[in-house]
Each structure stands twice: as C-alpha cells, then as structure tokens.
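By written order: A, B, C, D and E. Residues from 1 in each chain.
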Amino acid sequence: MTWDANLLWQFDMLILLMMVICAVAALSLKGLVSSAVVTGAYSFFTCLMWTHMMAVDVAFTEAAVGAAVSTVIIVATAQYINPWSKD
Amino acid sequence: MKPFARIILFLCAVMMLTATVDLPDWADPGSPASTHLSPGFIEQGYHETATPNVVTAVLADYRSYDTLFESVVVFAASLVVMLVLRRTSTGTSRIKHFRPKREGRDTILRGAAQSIIPVMQIFALYVLFHGHYSPGGGFQGGVIFGASFILLSLCYSLKFAMQRFKEKMVLICCACGALLYAGIGAVCLAMGWNFLGYAGLAGLLGVTDVMARSHGILAVEAGVGITVMAVMVSLYYDLASGGDMEEGL
Amino acid sequence: MDEFFFFIVAKYNYWASLILLFIGLYGMIAKNNLMKKIIGMVIFQTAILIFFVSIGVKWGASVPIIRFFPDKQPLLDATAYANPLPHVLILTAIVVGVAVLGVALAILQNIQRIHGTIEEDEILEDMRK
Amino acid sequence: MMDQTPVFIIAIPLFASLLLTLIGPLGPRVAYGLLIGALSLSLGASLATMVRVVQTGQAIHYYMGDWLPPMGIELVIDHLSAAVLVMIGVCALLSGIYSMHTAGQDNHDRLNNYYALFSLLVTGLLGMASAGDVFNLYVLLEISALASYGLLARGGGKAYFATFKYLVMGTIGACFYLLGVGYIYIMTGSLNMADLADILSRESLQESVSIRIGFTLIILGIWTKMALFPLHAWLPNAYSRAGTATACLIAPLMTKVSVYIMLRMMFTVFSADYIFNQIAWSSLVIYMASAAVVLGMITAFAQRDMRKMLTYIIVAEIGYMTGGAWLANTAGYTGAVYHILADGLMTLSLFMAVGAIIYRTGDTSANAMQGIFRRMPITAAVFLIGAASIVGIPPTCGFFSKWYLLQGAVQAGAWIFVAALLIAGLMAAIIFFRLLEAAFFGNLDDEGLSVGHSAPHSGTGAVQMREAPLTMLVPLAVAGAALLGLGIYTNEVVTYLIRWSVPAGF
Amino acid sequence: MFPVSFYQIAPVIALCASLLAVPLIAVSGRHPNLREFWTFAAAALKFAMVLSLTGWILAGNVITVDLINVLPDISIQLRVDSFGMVFALVSSFLWIAAALYTVGYMRGLAEHAQTRFFVCFALSLCATIGVAFSGNLLTMYLFYEMLSLSTYPLVAHHQDREGRGGARKYLTFLLGGSVGMVLPAMIILFSLSGNLDFADNIYGGIIPQGTGNLLVTILFVAFLFGFAKNGIMPMHAWLPGAMVAPTPVSALLHAVAVVKVGVFCTARVMLYIFGIDVMDELNLGVAAAYIVSFTIVTASIIALTKDNLKARLAYSTISQLSYIILGVALLTPSAVQGGLIHIVNHAFAKITLFFCAGAIYVASRKKNISEMSGLGRVMPFTFGAFALASLSMIGAPPVGGFITKWYLLVGALDAGQTAIILVLLASTMLNVAYFGPVTYKAFFGKPNDSISENPKIKEAPLIMLVPIVAAAIISVLLGIFPHIMMQFVRMVTT
C-alpha cells in the first residue's frame, strides 16, 4: 500500500480535525475522569495519524504506550484526586 | 500574568503559522530530510545489519546509544515514581472516597481476562522477537507484556496481580533489562570494538559481522523489552494504588 | 485557484501540528488545575511528534520495511520507502513523554495528599498558611 | 584501551546507577562505597581524556558502535567539553562524599535508590557535556531533568509543588529544544553537530526563516532550562526546598551545563558570525543578562532564608555567563567559559558550607550564622572564601572571571553590563558581610562588652567547638582550596583549555 | 654586598615574614609570651630584609620578582624601587615599635581575643609591604583588598554596637571604592594599554597617546576617589568612624599602614601610570591640587571643633595626608620630593601622637582634651613627646615636618601656584590652632579637681613609654638629618 495524495488527504484532514476537537475537549471538560478518557481518545487518533503517515512502528508504540498505558495511569490519578476542576 | 501569557501565545502562533511557508513542501521526495541521511540507512541498512525493518536497524544499531539512554529514561521514571510515591499504608487512604464501588461485576471480566491474557503475552513475545521482519520490537513487545499484567490487576485485584509479579521482582527486572543492554555494549567494548559495536560479538557467536549485528539487535531488543515491561507494571502499581499498594484501580 | 489549493495541501499538516502545539502550550500555561496542565503537556508533546513524523512522509512511499522481489533480491530504492530516521526519533520521544507523564502524575498525587487540592491558587494559599 | 576513555566517563556512572538499585539489601554503606568508587573512576577517566585533548591539541571523536558520524552517534570531547567534564566530575564526587550524613537522614530506608538517581543525574550531565549529536543531547537532557525531578521531590512537603512547577517549565524548555531540532532537521536533514555546522554555513540556508525560528526555539528552550532572568521563576523554590545533599549536587551543575549547551549550540552548530550578523539580538540579550544580574542580587539581598538567597545568586551568576557569551569578543567568551568552572565551584562550596551549618544548627535563617567562626571555624573559613569569590576579591577565581567579563564588556562597549557587574559585586559584598559580621562576632554584645573593659576576662568565651562531621568537612575544605587553586592557576586554565576553544568568528 | 640571587629572595622573605608568622601566632594562642615572640621575630626579620635592600636600591638598580603568573599577560609581580623603599622602611620599622606598644596596651587593659588581634595585625603588615613592593596595578589591587579585609576585624575588635557600626562603614567605603571605581578603571586601562606594569620613570606614563582626554580624566578621577583609603574629602567618612578601634590599631593602621597605603597607591598611580607629562598636559595636577587643598582646609577646621583627642587626631590625619597628594599633584620635582618625604615625617609624628593618646587613656582613662588640663605635670614624658610630635605636625624648624613644608613651599613657588601657598600657610595656622592648646593646657593649665586629688594617676608603664619617646626622637632626628631618607626621594625624581 503506497501513499498517494489524491485519495487520502481528505482522510488525513479528517483525523487532524478530530485530534484538534479531542484536544480542545480534553482541556475544557470540567470532570477530570472524563477529560482523562478524552485524552485517551486523543492518543488513539494520534495512533491513527501515524499509521496514515506510513510510520507503522511509531503507530504501534503510540497505541501500546501512548493510548493504553498513559490513559490507564491518567485515569488512575484522576480517580485519586478531586474529580472536579474549577476551570 | 494569565492574559499577558495568552497574548504572547497568540502572537507566537500567528508568527509561526505564517512562517511555515518557508518549510519544504510536505511529503516531497526531494526535501533535504529525504535526501541526506535516510537514503543511506535504507540502501546500506540491509547489507550491514541484515534486518529488513530499517527502523529497528537504525533504532538498535546505528543509534543504539540513543536507545540505551531511552531505556535508562524509562528505568529512571520507575525509580522516581517509586521514590516519590512508595510509602507504607496509613490506614484510611483517600482512594476509597473517590473510586466507584465494585460490587461483584467481575465475573465476565475475569472470564474474558483468563482467555485474553495468555494470548496477549504470546503476541507480545512474537512482536518482540519479530522486530527484524515486521513492525514492532523491544518497546512495543515490552509494553504489551506489561499491559497484560495491568489487565490482570484490573480484572482481578492489585493484590492478586502482585502475588504473581512481586514488587521486588519488578524492580529487579527494570534494572536487569537495562543492565543486559549496557552489558552487551560492554561486551563489544571488551572484544576490542567501540561501545555498542555489535560486530564485536562475531568472535563470540562465531558468525559473520553482519549476522552478529543482527543477533546483537535482537539481544538488545530483548533487554529493552524486559525493562519496559517491568517499568509499565511498576508505574501502574505505584500510580493506581497511590503508593501504598493497598487497592488498585 | 489550483495553485492555491496545492499550497494548502502541501502545508496543512504543519499548520495542524502548530495549532495543536499552541493548544497544548495554552493548556500548560493558562490552566489553573494542575491535571489540566499535565493533559496540556501530553498534547504539546504529541504535536511536536506530528511535526517530526511529517518530515518522514514521501509521495508513493510505503512502510520502511525492505520488500523483496520474488527472486529474494531486496528492493533498495530509497524513494520507495518512508524516511526511517524520524520514526526512530519519535519512538524515543514517545517513551520519554510517558516517563515524564508518570513522574508528573506521581508528584500530582503527592500534592493532593499534602495540600488536599490541585488548584494552583488554593495550593498557594495553603502554602502561605 | 587508551582511546576508550571517553566512553568510560559515561558508562561507569550508568552501570553504577543500575547496580545500585539491585544491591538494596546489602545496606547503605555498600551503596555509598559503590557511588564514590564509580564517581572517582569516572573523574579519573575524564581527567585522562582532558590530558589527551590538551596534549594532542585537537578534539577526540569517539564513534558509538563504530558507525561514522553522519550515520551513527559520536562523542565529541574538545577543550571546552573536557573542562566542563572535569568540573562536573569534581563537583559530583565532592557532593557525593558530602552526602553521607544528610542523605542518610532524608531517606533512611531507600538510600541505594536515592544514590541510583544521584549517579543517573551525573551520567546525564556527563553525557550532555560530551554529546556530539543534537537529538542525543535532548535524550540526555531528559534523563538529567527526570533524575533532578526525583531528587528535588525527595525534599518532601512544599517541595512537591515546587518540583511540579519545575517539571512543567522543564518540559516546556525541553520540548522547545526538540521542536527547534525538528526545524533544523527538516531544513538540513542531519543531526550530527559537525555535519549540521557545514550544512548551515551554506549560503542558501543563511537567510532562511525556518533556520532562524529553529535557532530561536532552541535558544528559548535552553534559556528556560538555564533559568535566565525572565524565565527563572521555577529555580529559587525548587532548589531551596530540596534536601541538603541534593541541593549541593544540583545547584552547581544543572544550570552550568545548560550554559555549556548554549555555548555549544551557538558556536559549534551555528557559527559565531551567523549569530552576531544574521541574528542581531546581542544587545537585547545583554540587557536581559544585566537585568538578571542586578535583580538577582537585589532579591537575594531581601531574602531571610540563606538557601533561598544562594539560589537567587545562582540566577545572577547565570546573567554573568549569558552576558559574557553574547559580548561577541574573545575576552567575553573566555570570561563566560571560565565563569562556568568558577561558578560551579563557588556555588558548590557555598551550598556545602550552608548545608553543614544547617545540619549542625537546624535553622536555615540568617541568624544561624551567629558566632559560627568560633563554633565551626573550617566551615566558616570556606564560606568566607566562597563569599570573597562571589564578591570578586583577587586571589579567588571569582575575581578573574569578573576580570575577563569586565574586559570583554569594556571592549564591546556594553556599559550597561559593566555597571551591572559592578553593582552586583557591591550588592554581593553587602549580602555576605552582613552574614560574615554575625558569623565573625556573633551576638557577643549581649555579654556586656563595653568599650571600657572594666571586668577583665580571658580569651574566647565558653562556646565549645562543634565542627561538621568529617565526611562533610573534607569536601568542604577541598572545595575551598579548589576555589583558590583555580584562581591562582587561571593562566594555565585559560591558555591550555579556553584559548583553544574560542570560536572562529571573534 | 650580598650575592645577586639574595636580592631576588629578600623582597619575597620581607613579604612573607608576617604571613608565615600568622599560623604560628594562631597556634600559640594559649601562651601569650610565645605568641608575642613570634610577632617580634617576624617584625625584626621583615625590617632586616628591607634594610638589607637599601644598599642595592641606592646603587640605583630595581629588583623585579615574578611570584605567580596569574593571567596570560599579567602576573603577581614584586618590584622594589626607591619609591617603594621609602614606604617599606617606614612601615616595617614602625611595626616593631607598634608591636612593643601593643603588647603593653593589651596587657594593660587585658583585652579579649588577643590572638585574633595579632593574627590580623601580622596579615595587615604583610599586605602593606605587598603594596609597597607591588610591580603592577593588579598586585597592588590584590594587596589593597587584602589589607581592607585583614584590618576589618581590628576595627571591629570591641564587637559592640559602635565597633561593628564603624567596621561596617569602614568596609562599605573601602570595598565600595575599590570594587566600584578602581576595578573598572584598572580594566579599562588594561584594555587600553595592554599591560598594567608601572612605568620606569615618573615622566612618561603607560597610557597610549591616542586615548581621548575625557576618558583619561574619568580614569584619573576614578583612581583618585577609588582608593578610598587616601581620605580625600567625600571618601574620608570611614576614618573618624574607625577611631572606635583600640588605640594601637588607630596608631599603626590609621596613622601609618592603612592611610599611607591609600596615599601611596594614589601617588603610585599618578606618577607611574599617568606620569607627569600627561597630568601636566591635561592640567589634571592642578585639579587634583584644588580638590586636595579643599580637604586640607575643611579637615583642619573640623579638627578644631573635636573635643575627643582621637577624633581630633583623625581629622588632622586626613588633612596631613592630603599634603602628600598635594605635593605629588604640583608636579614640580621639589614638590614631589616634599610630598614623599612627608610620608616619613607624618608617619613618625602621627604614631607618636596616637601612642600618647593611648598612654593617656591607659594611665588616666581620659579621652577628651578638656579633661586633660594640668596632666602634663603628672605625665611629663608622654606630653613632652606629644609636644615634639605636634611641632613636627605644625612644621616648626628643628622637627621633621619643617622639611616637608619647606619643599612643598619651594615646589609651589616653582609651579607658580600662589593659591596653594596661601592654603599651606592657612593650614599651618590651623595646625597651630588645634595642637597648641592641648600641650599648653597640659603643662600650664591648672589641674582640675579629678587629677590633683587622684594620686594613682602617674606616668604610663615603661613598655609604652619607650616606643613613644623613641618615635618622638626619631621624628626630631628626621628634621636634623633629613638626607638619610631624602636620598631615596631624590632618586624618584631624577
């Protein structure tokens, strides 16, 4: 499978758009556990982004490390601290 | 201070966005990055290290000094988290207050876990040892192996997982993985080549230089895998239980 | 119009990474809650990684794993594969990012234990007492 | 075997830190012994490398994994990095020996893990000082940052929030540096410093905007790590709330190595004339440096807590070095590099002296210094030498670094910087003599000593001598002697080490 | 008469004699006699070494010894020439007299922390000789700073509120002057002329021709006011403040060592850095002369109003010091000779006056001049020496001071500065006005009740009287046989 522009740049733009939306959501949600989960979603979209850019090794690591483990530890901490943030 | 910071950020953003004009076009094969070093890796990589996956070759051989320090960073992270958080339990910890109650909804989870975890660990080993030919390698394999233990502790309980993978063992694995990696480098040094020059293993293993490099990469990937696995588990143990290893996520 | 269209297509990836970068930086600096700063940090680091990997992308390039012709001869033409070097750098940067994230969360838990809150203004007040 | 010494400098502390975590059950004394052994071996290796560099006269290139530079990573040790390596080795060894009592108190149960982080930080710093690859520098920057977060967080209580702010600022700095490296990599395609230098010197890249943005990002990142004046908010709280042994290791080294990195990036990667002709910031930076010097000293003057005061003096010293580097003449550059060595030793001896006083009296405010000359004569003597060096009294090394900096500033006509340096010298004099007066005479006036001396009384009062323990005293004395020694041997240091590393453009 | 290599070592031994004594004094704190022995041994050795150099220096050659080459192009260098010899001879000889006197004073009042006192005493003498024998501006600056730091504990010896306040002011002025003005001026000079070594003769300085006049004037003003020890008016405030120190400190340091170092440095810079031609061409000499004469007059007037004996002597020191700078500033050979010889005359006269003040205090606990009427009959020797020294200050014929006034007047006439002649005469009148009454009242005034009915007041102990009388006699001999010291001074101006 090679990378050529005519088909995929719309798909590429879609992923980037979703990433920006997840990023803004993660920062503005009041509930910390929900913003932790949205950060996990953000990492998954990043992993999609890497696969789309033909960076397969990186996508694999991002999926395993970025999406899975960091989401687990962020959610674990979010449950440990006060659940509601002021801003 | 806050509005002041916002204005500066906005100005920097506008300035840098307009400046992207000068960057080379996206994805053009003639860009400097694609014509200076990378072609060298692709063309000579296979002949010198006999590993089709060029990323693993560059990661574990050409820039193995970087990856050594990267596994040391991961090791340092588990050390710091353990130093900062680890303390003996002080009775009523705050976890209970915020964490949702778990009333006996574990049967499905436990059933699924029993079947997934062994497959997951085998897949992790596959990913680790097939780093040469398919995407994957030390980090990815190690994390998936670590994730299997985290899944175990999520479905059962932290105590249950800790009986299988004791905290002392976790710390020893962290250190031993990085020691294995640095040890291989030292062995190459002892054999007269420079630090992390896997060609030095040729004498030991009785193979050609190229194959020695390939086996060197494999051994190094194993070292990294062990460290990363142990670190992910140790991070989870400390962070999920708030440091007193009482009650996980 | 066509020329402008290609100009957008050629550069939008850099714009996306810069926008994400400034969202992350804003989160780190302007947010009052320490957890939001950490999340901003994650976004900030990922944005830089996007910038790095987009260096390695090439037209008509495939995954940087050497493909073989039927007669076992490797295809060693550089334009067929994506640049491997940025991928190596990003692998390191992701793992470093998780390491720093782990440390930040550990310190955050301790701040919660000692000050009872993770809002910056409440912590400063508590420290002054 | 001889040409392998560069890698021993870094490998030995790395192995030590890995082994230290494994020898937990063997007890703290074994951990202490292993740490000191590793640090002294590493110092021996860096001394041998320095001697070889000075003898052969040109830089040592060590190819990691036998790959030639643009493909693989190389360690480059030239005169500048050899000097910084030896300085790091000396400061680390002295604070290592110093740390037995205080570190033992702070973390009684996990001392070997503490020492593992200790030697990991030293590995990171040594790696940074000898790195020849730009991305490798980032990874080592992260290792030393991570280790310093761990060590600083051991301070407990308020230290956690201070370390958190340090972590956030440190990550912003490191990521700016990484993005800067990205911009440079996208335009040049290489990561090796020597390779970058000759690509960047090509005509086509001189005016390109991205290279300029890359340079700005890298310099901003390094300035944040260096705590230069506007970006210094994190340093005072983080360093003053750390444990004594941690402060003695981190305070003299972290910021100095960041200054070294700035010099390396400015003069090895981007050539001197690129910086002073294409990027004409030097007057702005000199104003920032002068502001750092003066405001650092003024805030230090206003502090009650001794360690907080010393941290603000570090912020002022950073202003010295940055100003010196951006003066764009040989004298300024020599002053900046010499000040890296001098300031490392000065900060080390002052932090150790204050640490010993706090260890004995338990009180960190300024009146812990009452009558110290009688109770802890050697500690007070080293404090006096350190203070004289910061004020810039001749035989100590502080004077000679100020000599070169002032000479560079005069030749460059940067009169603001000259005024700032002099005001800082006077402010330092006031700060330290206020403390030394209390240390020298103590509050004897409440013993009714009027001028008339009606009641005869014999020599010193009944204050018994309670000096710091031996493991603290020996490094203290060595640091004090090193301050004077460096001052007297300025000529050798400048001609053999610094004069060789002056960049081409001056 | 000694082998050449001896002359290379002699200045180093002279410099380090008291430095070596410091550890010995510190160690033998418990048994005072041994401690005093070390002080005297060091003093004797130092004076012997300096004396042995006289023959060689008078033969006209200059000794330069490189101690440590600290910077690539400058080194800590000792250079013995006639200009330095004058000052070295005076201070090393007076150290012996002062050591004797101090032992008496300390034992008499049973002062506390005597070991620290003698250690700092030895250190400050080492610094003084270092300044006298310094070969370049950097070495002089180094020993100048060492002197400030080593005399700080002496000034704050009593450790009470005024002691520490006086010491704080002392240090602020001296460090402020040296770090604030001398350091930048030295560095600017170094970047202009490439080296800081003193010129060989006093005519051509080391400042390159092309430098702008404004820059040279700024440098001159910075050096003039930077060396705060020379007590020129705005920078003199530390001297009365330092009078709070014990009398031997004010005797040796504030009459001989500390203030003379300030004046010596200023003269050295004016003659050997700027040189007479540059100062003449930019008429810096005249400007300096006016600044200094303002100091002479105002200091003498303030001295009139002071009732405390030591305060009056302090202000008289300020005005007398300015004679030396005045002599140098007039630029004519005889004026310069007058200025330099005044270093010797003023040293011996002023140390006698301070010794007497100390003796009066030890014997009768009196500090103010108003209480001292009629004391002369009870303490004839002390007040006799006081009278002789006052004559030298005033400049009466048989005593040393007259030689200075003579050469200064001749110099002023050569330079055609009538205003300066008026200043000299006016200050002589003022000297008479504030020294005369003290001696007159002591001998001829009627003793008020506290002295007559208190039989215990008698002459000061012998150990203090010997140095007082010796110093007074020497200051008289200086007046009668001036050529002993004048031969050095004449060598400076040829």
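Just so it is clear, a contact is a pair of C-beta atoms (placed from the backbone, for glycine too) under 8 Å apart; a residue touches a chain by one contact, two chains touch by 3 or more.
Quick caveat: nothing in here was measured; it's all calculated off a predicted structure.
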Path length in steps (a step moves to a chain that is touched) from subunit C to subunit D: 1
Reference subunit D; chain at largest CA-centroid distance: E
Farthest chain (mean CA position) relative to subunit B: E
Winner on C-beta contact pairs when B-D is weighed against D-E: B-D
Central chain (by mean CA position): D
Geometric centre distance via CA averages, subunit C-subunit A, whole Å: 10
Centroid distance [mean C-alpha coordinates] between subunit D and subunit A, Å: 39
CA centroid of subunit A to CA centroid of subunit B, Å: 19
Chain centre separation in whole Å, for subunit E relative to subunit A (CA means): 80
Residue list for subunit D, restricted to those that touch at least two other chains: 135, 139, 142, 146, 149-150, 153, 160, 185-186, 191
Of all residues in subunit B, the ones touching two or more other chains: 16, 21, 23, 27, 31, 33-34, 37-38, 41, 53, 55, 59, 63, 66, 70, 73, 76-77, 80, 84, 94, 135, 139, 235, 239, 242
Contacts with two or more other chains, residues of subunit E listed in rising order: none
Every chain pair in contact, whichever chains are involved: A-B, A-C, B-C, B-D, C-D, D-E
Subunit B partner contacts - residues on subunit A that touch it in the complex: 3, 5, 56-57, 59-61, 64-65, 68-69, 72-73, 75-77, 79-83
Contact set on subunit D toward subunit B in their complex: 4, 7, 11, 14-15, 17-19, 21-22, 24, 62-67, 70-73, 107, 110, 113-114, 116-117, 120, 123, 127, 133, 135-136, 139-140, 142-143, 146-147, 149-150, 153-154, 160, 185-191, 199, 208-210, 213
Subunit C-touching residues of subunit A, taken from the complex the two chains share: 1-5, 9, 12-13, 16, 19-20, 23-24, 26-27, 32, 35-36, 39, 42-43, 46, 49-50, 53-58, 61-62, 65-66, 69-70, 73-74, 76-78, 80-82, 85-87
Touching residues (chain side subunit B, partner subunit C) in the complex: 2, 5-6, 9, 12-13, 16-17, 20-21, 23, 25-29, 31, 33-34, 37-39, 41-43, 45-46, 52-55, 57-59, 63, 66-67, 70, 73-74, 76-78, 80-81, 84-85, 94, 133-135, 139, 228, 235, 238-239, 242-243
Subunit B partner contacts - residues on subunit C that touch it in the complex: 9-15, 18-19, 22, 25-26, 29-30, 54-61, 63-66, 68, 74, 76, 78-79, 81, 83-88, 91-92, 95-96, 98-100, 102-103, 105-107, 109-110, 112-113
